[in-house]
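Some structures are shown below for you to check.
In what comes next, subunit A is part of two complexes: it sits with subunit B in the first one and with subunit C in the second one.
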Partner chain A sequence: MSAEQLAFYFFASLTLISALLVVCMQNLVRSIFLFFVTIFSLAAMFVFALADFIAVTEVVVYVGGVLVLMLFAFMLSNKELLSGLQNIAGGFKFTHLAGLLICGGMLFLLVSAISAADVVNLSWIKNGQAISENDNTIHQIGIHTMTRYLLPFEVVSVFLMMALIGAAHLSRRERRS
Partner chain B sequence: MNFYLTYVLVATALFAFTALFTLFALYSERKISAFMQDRLGPMEVGKYGSLQAFADIIKMLQKEFIIPSSADKILFTLAPIVIFVSVYLGFAALPWAPGLSPSSLNLGLFYIFAILSMETIGILMAGWGSNNKYALLGAMRSVAQMVSYEIPAGIALISAVMISQTFNMQEVSIKQGILSDESILFLGVWEVSSIGGLLAWNIFQAPHLIIAYIIYFIASLAECNRAPFDIPEAESELVAGFHVEYSGLRFAFVFLAEYSMMFLVGMIGVILFLGGWNTFLPNIGSVKLSTWTTGMGWGIFWVLIKTLLVVAVQIWIRWTLPRLRVDQLMSFCWKVLTPLAFLCMLISGIWRLTMM
Partner chain C sequence: MIPLSHFMIISAALFCIGLFAVLTKRNAIQILIGIEFMINAAILNFVAAGRFDRVAGGGQMFALFAIVLAAAGVAVALAIILNVYKHFRTINPDKIDTLKN
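And then the complex of A and B:
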């Protein structure tokens, strides 16, 4: 087994284990901090797929943005609200059935979709161009966002603008009349 | 297997450098502050107190690890490591001389920016893990400040990247000196590709980058939690902020991270705006000062000198200006720096299209 493969399996197992622990852990703060490990090892998986830009963007967005936001939300919410979330009793209850069904359904959907896709024989994978390790991916991404994917790009920016205006409106001080 | 050995050697060298720099910065900060306040500073250990930093480190290594009994032990122990490693990883993409860069990433600057955002997580870990209200308050303040000041800093950096047209820090440096294969225009009019020196630096290629650099410098002070933006540590209100419970080697790591961060942000600014490893001496006719002073050793020398000067200015500012209030801090960031940074970015785009 080469060093790359070893590193790949290391990060893959780290992603899975930490993601499982994020869900299972009783201590909420620790599970948020573990989410950080999940994100980071996921970014490593993106690096193995030669998608370095996506890996770095994921770290910027999730670590610098989402995770900090989650921590802030956690630290600023009151203790009684969280104690209900933190002390969930173990063991199976009838009320858990719905959750189990949804999870099982999702798993079935994912597995059947992956097996139906037949990834190895897809035409765009067989005949497409491959990128090498030293290619400058951001040039390609930049050119494609400004030409082929311009409309989705603009739609996303308008959407973000709407979110910003909404946030500004919500946090604005009410004028007393 | 040889290249694995090189990786380890490079990483060790960078770590040794951060440690040495911290010792040096510790001593110089004490001496500069003493000079500014008309004191002598450390004088007892060694000649002019020059061994004071080593004495401090030895004292710190001997201290006991104290974990508060109600602290979250795992988070408390891991936090200093996360804080330091996030800063230390940033050094991987910085070029030191022509052809000498630990890792010549195409995404260099973007990578550094992403890695530095990890530090906020480490600080929150420390603040929450200590289970101390001063630590938690300090961490919250620190994170609020770092997250907001990332925006003007990032946009000011982007306006320099728009002039250089690359995220690769090594290429950014090459494009500001005589080694560039593109033509360089001083203030957009005078061809200086073969003259080089000071005239080819980014801030003189496009003069609005001087404003962008000042914005970046101010924002980088806030990201290092240095005065006048040191409300997270505010000794007089919060004791010491997020690292109040740390002692011994763990505190040393927090400290190491703070000083390495100073060097790192200074060096990023130097590379993107002040010519990186390029000399400031221009070629004048047959006196080829710029050609003579470009090379491997010279590159390291120039980048070190420039960055140490920037660090000296950071220290100077710390001991000159009083601390800002929280609301002043936020309104300064959002109402002054961010719009100005956006303006710089706009001018950069126009400059790139029309003048270059």
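And then the complex of A and C:
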């Protein structure tokens, strides 16, 4: 087993274990901070798929934006929530069993579909031109953004502005008259 | 070089963890985290398949767009959660069961 594979499986298991802990943790603050670990190891896995720019963007957007927002919303909305959450700890409810069954079924379905699809031998993957380690992907992404994917780029820009206005409108203080 | 199917199996597992969080959690923020896991599983698939698409670069470009959409979605969802908290004094989705007021 080469060093690349070793590192890849290390980060993969780190991703899955920390994601499981995020889901199972009763303390919400801890689970939000564990979300950091998941995002970082996921970004490391993007690097193994030769997408370094995506990895950096993921870290910047999630750690810089999403996590701060989540912590902010949590601080503004908890008060009695934290104590309430810790009291429920340990109880195993029917919804958990049902959720576990649905997720296990979904996982089985997805894994069997992936193994049935035999993705490694698809023609476009076998014959297509793969990105090599020496390629400058940032250069490529810059060119693609302004040529082939200009329309999706503009649509995303407009969507981002709509989301900005919508979020600002939703979270404004209502005027009492 | 890691085979594509390993990426896909890991992203399938991450998707199922996110689905479990969405189905069972009783806190809107944790449900949001579950949705983020599901979106990130999709992004991992995009990126892993995009490695074999050097000419068009579709995988990486749409992974970027998906990250942007996820961030925008989180911003709006958290604004909604704060509003819900202001109305109901709770963010447990089981207890938010009225449409009036």
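Just a few scattered comments:
Everything that follows uses one rule, which is that the second predicted complex is superposed on the first by the 135 of 177 C-alpha atoms of A that agree within 3 Å, B and C clash if a C-alpha of one lies under 4 Å from a C-alpha of the other, contacts with A are read in each partner's own complex, and residues count from 1 in each chain.
We adopt the following convention: a residue touches a chain if its C-beta (ideal position, glycine included) is under 8 Å from a C-beta of that chain, and two chains touch if they have at least 3 such contacts.
All values derive from a computational prediction rather than experimental measurement.
Placing subunit B and subunit C on a common subunit A by superposition gives a fit, with no clash between them.
In the overlay built on the shared chain, the residue A:V68 is in contact with subunit B alone; subunit C does not reach it. Of the two partner chains, both subunit B and subunit C are touched by A:F53.
Of the two partner chains, subunit B and subunit C are each touched by A:T137.
One of subunit B and subunit C touches more residues of subunit A, and that partner is C.
After overlaying the two complexes on the shared chain, residue contacts for A:V29 are found with subunit B alone; subunit C is out of touch. Put simply, subunit B and subunit C get as close as 14 Å, counting only Cα atoms, in the superposed view. Residues common to the contacts of subunit A with subunit B and with subunit C across the two structures: 53, 57, 72, 137.
Taken together, the subunit B residues at the contact with subunit A in this complex read 4, 72, 74-75, 105-107, 110-111, 113-115, 117-118, 120-121, 124-125, 128, 136, 140, 143, 147, 150, 167. On subunit C, the positions that touch subunit A within their shared complex are 1-10, 12-21, 23-27, 29-30, 32-34, 36-37, 40, 43-44, 47-65, 67-76, 78-83, 85, 90-91. Residue ranges on subunit A touching subunit C, taken from their complex, read 4-5, 8, 12, 15-16, 19-20, 22-23, 28, 31-32, 35, 38-39, 42, 45-46, 48-51, 53-54, 57-58, 61-62, 65-66, 69-70, 72-74, 76-77, 81, 85, 88, 93, 95-96, 98-100, 102-104, 106-107, 110-111, 114-115, 119-120, 124-125, 128-132, 135, 137, 140-141, 144-145, 148-149, 152-153, 156, 159-160, 163-164, 166-167, 170-171. Taken in their complex, subunit A has these residues touching subunit B: 3, 27, 29-30, 33, 36, 52-53, 56-57, 59-60, 63-64, 67-68, 71-72, 75, 136-138.
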